[in-house]
């Protein structure tokens, strides 16, 4: 199970292994990882092998983040409000994988409804980092990142509203990719913030991310924001040739001089990052430094919080315990609804709802919500302007490796810095964005992110693929270092 | 106290007709069986998304065009957020930022007068689920959840219940003529919120407005307005105007009064924001042109036309335009060359009488305008009497048989001269005494002979021809 | 600066049908202060009010509206299978009174 999709497909085709063996192994590994790292909400012990076809994923096990609707399989969003919810329909992207013959073996834990970046607010408890159990995986796709990094299967579905695929991928030493907004249907994904939510995948190599996305993508009559991508062929686009490509990084984020109190960890993280940029140049790509208005960058976290909380508070208004979810015994219908929500939601989510509601109030909307949406446009316009000249933006993920559990960063405080939050730019503009492993800092994995213009997924993946090939981290499996 | 003038504005909700709901593919239909017509999003199952129905948008645009509104450059929907057990998503998808029509104006007839009505906006939205209340529980039926609603908001431009109800009736006809709704108040397809305020006759400012919500009959609207004017005027007269507050009331049919629901202080902030799951949709000129071209002539235009160009009475014209189907039938008759007054007479008397009695729609009538033309043709030729024509009309419809079938020997007038002459000669031969009397000057005995012929032919002898032959043979 | 108060936070929570503990309330207040400061920065961006708010991830998007075709309803068993209380074909709740 530590192999890539292509390797597994080849072994299956040649009869060296069977789908049954793979499924059994994935289930065994799931129980092991569950015990060690608490990564799952549900393990599908009744998962059955599937006939191997020409589809590359046929017969191969995979995991699904628990905020995807899966027919007849518990789907909780890692929230107590849906702790007993068993859907009658399957999300479009999951269905496409099932139709291609992939075998779903578990549902992975996440920060409740994706609203967190730590992997600690799942109703089943925190997910531990498979490299170091005293650390977080980051989130919200914590369980998926942990499972793929641990070698339970070659790929798992995630979702990404701020950086929820790309950050845990970095902290777990794997690949995390969210395609252009609308390339993957969101039908069946429990919404967090609809204008920022992306489906995506966590894998151990760029080519696996391309293979899985090629299968999942496509216009969906159930999602008006999806579009026809039949002329995009991600796997075929991985040529390894990036001569003449132009990339840029943002001075205000990457330059060590921005951080007068930088820790040794941060210093080595940035040094490592700049070293990797050299590898791109070796392949004939150009990498340039670009300066962006610091005020605009500083606004990113607030813009994200305001917009995502506002949309979330509305998106989760259906959670009242009337049609689904555990029902309160209250005799007054409104108290019954309130009880369900008060008991069901974790404190973090409740706080975000209140913020979201506040910024949408009639008297506050201009100052908070609409201005946040305006700055979102300013940031996106700036990026689109740069994408006219450059193929991609390349940045380090986070300020270093995974955080310790006692360094909870989810309370929004004034010190939140752009280095931690810049991946949200990718969600603001619906840009394709991929994180790949970028070696180690203090023996823990760190990531590097490549983000490009909308619809330019082939180009972005090819750059990531080429860079990946220059480094020895492709396909790596987590080894506990502590 | 100075004379008081009432100012009234309304919000009128109309259920649109379509195959599927406005944001889901579930069937848009009333059903006695609960939860029969449901798509996952109608119950807000997690992960479901709205998908906009093109027909509903086009129908809403038709109404927007008819009301002479400005149409937006982009179609945009908003979420109206509030918690209620009949609202599964916790928000209603509606239009606030860019309604499908704004700043409209139309003219309507109120009695003999024509008055302008100003439209604030018209927008497309979805209905909520429905609740059935029992002793200590309520049941939720999601059939109605997601059914398309068109909400029309007027400026405060009416000054009486009469004007307001005339407008509602006008709009009901408009919706029916456009074919976008049955606009049946009995089925709850029309619901109104009414704002009433009063002010001194010479005042430039409006008084405090009081809103009465969810009135589902025109009678209720009239009752509400009259009651509110009376209530508010009385309070003002008594020097208690301060007791009139901006609030929401409801119409109580039984007591014929309005009852307070909540004050403005408890007003909900709906936290509107643009629905992110529905991308902006360009409303291009070409599309609008196509929609415009599909709009039929409406009732008022037709009425004027019938009076001016076809010489019908105002009364008959009104009867003809009351229902679009009837008016369409009439216009089809005109197209076929049936004389207008004749067509009008047939429709207003025979046809409407028949379809009302048998409870069928005019377009389901067996006797189509083409067949009606044939029938009128026979009548004009004199082959049948007008009494026979009426009988054939009913028989043809009931038996669903061609007109010809009823023109057979049995039914048709006996107009064959030779045959009739033969019968007459026979009768004359058997009535020699009467011939003598006739020839001796008792000319009124002529009618006796006619009667005998009719008796012999069971009334089918062509009376004109009979008289002609008799006169000749009795010479 | 008492721009945000405990009562205000409780009021907003109540409208969302959510109960907050005192501790949660305090955390919201702290976050409000932080966001508000950052929003102050945003509000200082020149001509901010003239920018069109960005409401969708992609706004260069063309697509077709759905054709008006009705599809079969979901089965009643599916509609009701997760509901806490049902009555026949309907979901039952404590009596809703205005």
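Order as written gives the chain letters A, B and C; numbering starts at 1 within each chain.
By our rule, a contact is a pair of C-beta atoms (placed from the backbone, for glycine too) under 8 Å apart; a residue touches a chain by one contact, two chains touch by 3 or more.
For clarity, every value in this text was computed on a predicted model and none was experimentally measured.
Of the two interfaces, A-C and A-B, the higher number of touching C-beta pairs belongs to A-C. Comparing chain C-alpha centroids with the centroid of the full set of protein C-alpha atoms picks out C as the closest. Here the spacing of subunit B and subunit C, counted between their Cα centres, is 41 Å. For this pair, subunit A with subunit C, the centres built from the Cα atoms lie 22 Å apart. Computed centre separation for the pair subunit A/subunit B is 56 angstrom, with centres defined by C-alpha atoms.
Across the assembly, subunit A contributes residues 85, 88, 195, 221, 224-225, 313, 320, 322-324, 333-334, 337, 357, 361 that each touch 2 or more other chains. Within subunit C, contacts with two or more other chains are made by residues 15-17, 55-58, 61, 63, 66, 74, 91, 93-96.
In subunit B, the residues that touch at least two other chains are 40, 43, 51-52, 83, 85, 138, 140, 269, 273, 276, 279. Interface residues of subunit B, counted against subunit A in their complex, comprise 40, 43-52, 79, 81, 83, 85, 88-91, 138, 140, 269, 271-273, 276-279. Interface of subunit C with subunit A (complex): residues 9, 12-13, 15-21, 23-24, 27-28, 30-32, 34-35, 37-39, 41-45, 48-49, 51-58, 60-61, 63, 66, 74, 78, 81-85, 91, 93-96. Taken together, the subunit C residues at the contact with subunit B in this complex read 15-17, 55-59, 61-71, 73-74, 76, 79-80, 87-96, 98.
Across the complex, subunit B meets subunit C through its residues 18-20, 25-28, 33-40, 43, 51-57, 83-86, 131-142, 261, 269, 273-274, 276, 279-282. Every residue of subunit A that touches subunit B in the complex is listed here, in rising order: 68-69, 75, 77, 82, 85, 87-89, 91, 186-191, 193-195, 221-225, 310-311, 313-314, 316-318, 320, 322-324, 333-334, 337, 357, 360-362, 365, 369.
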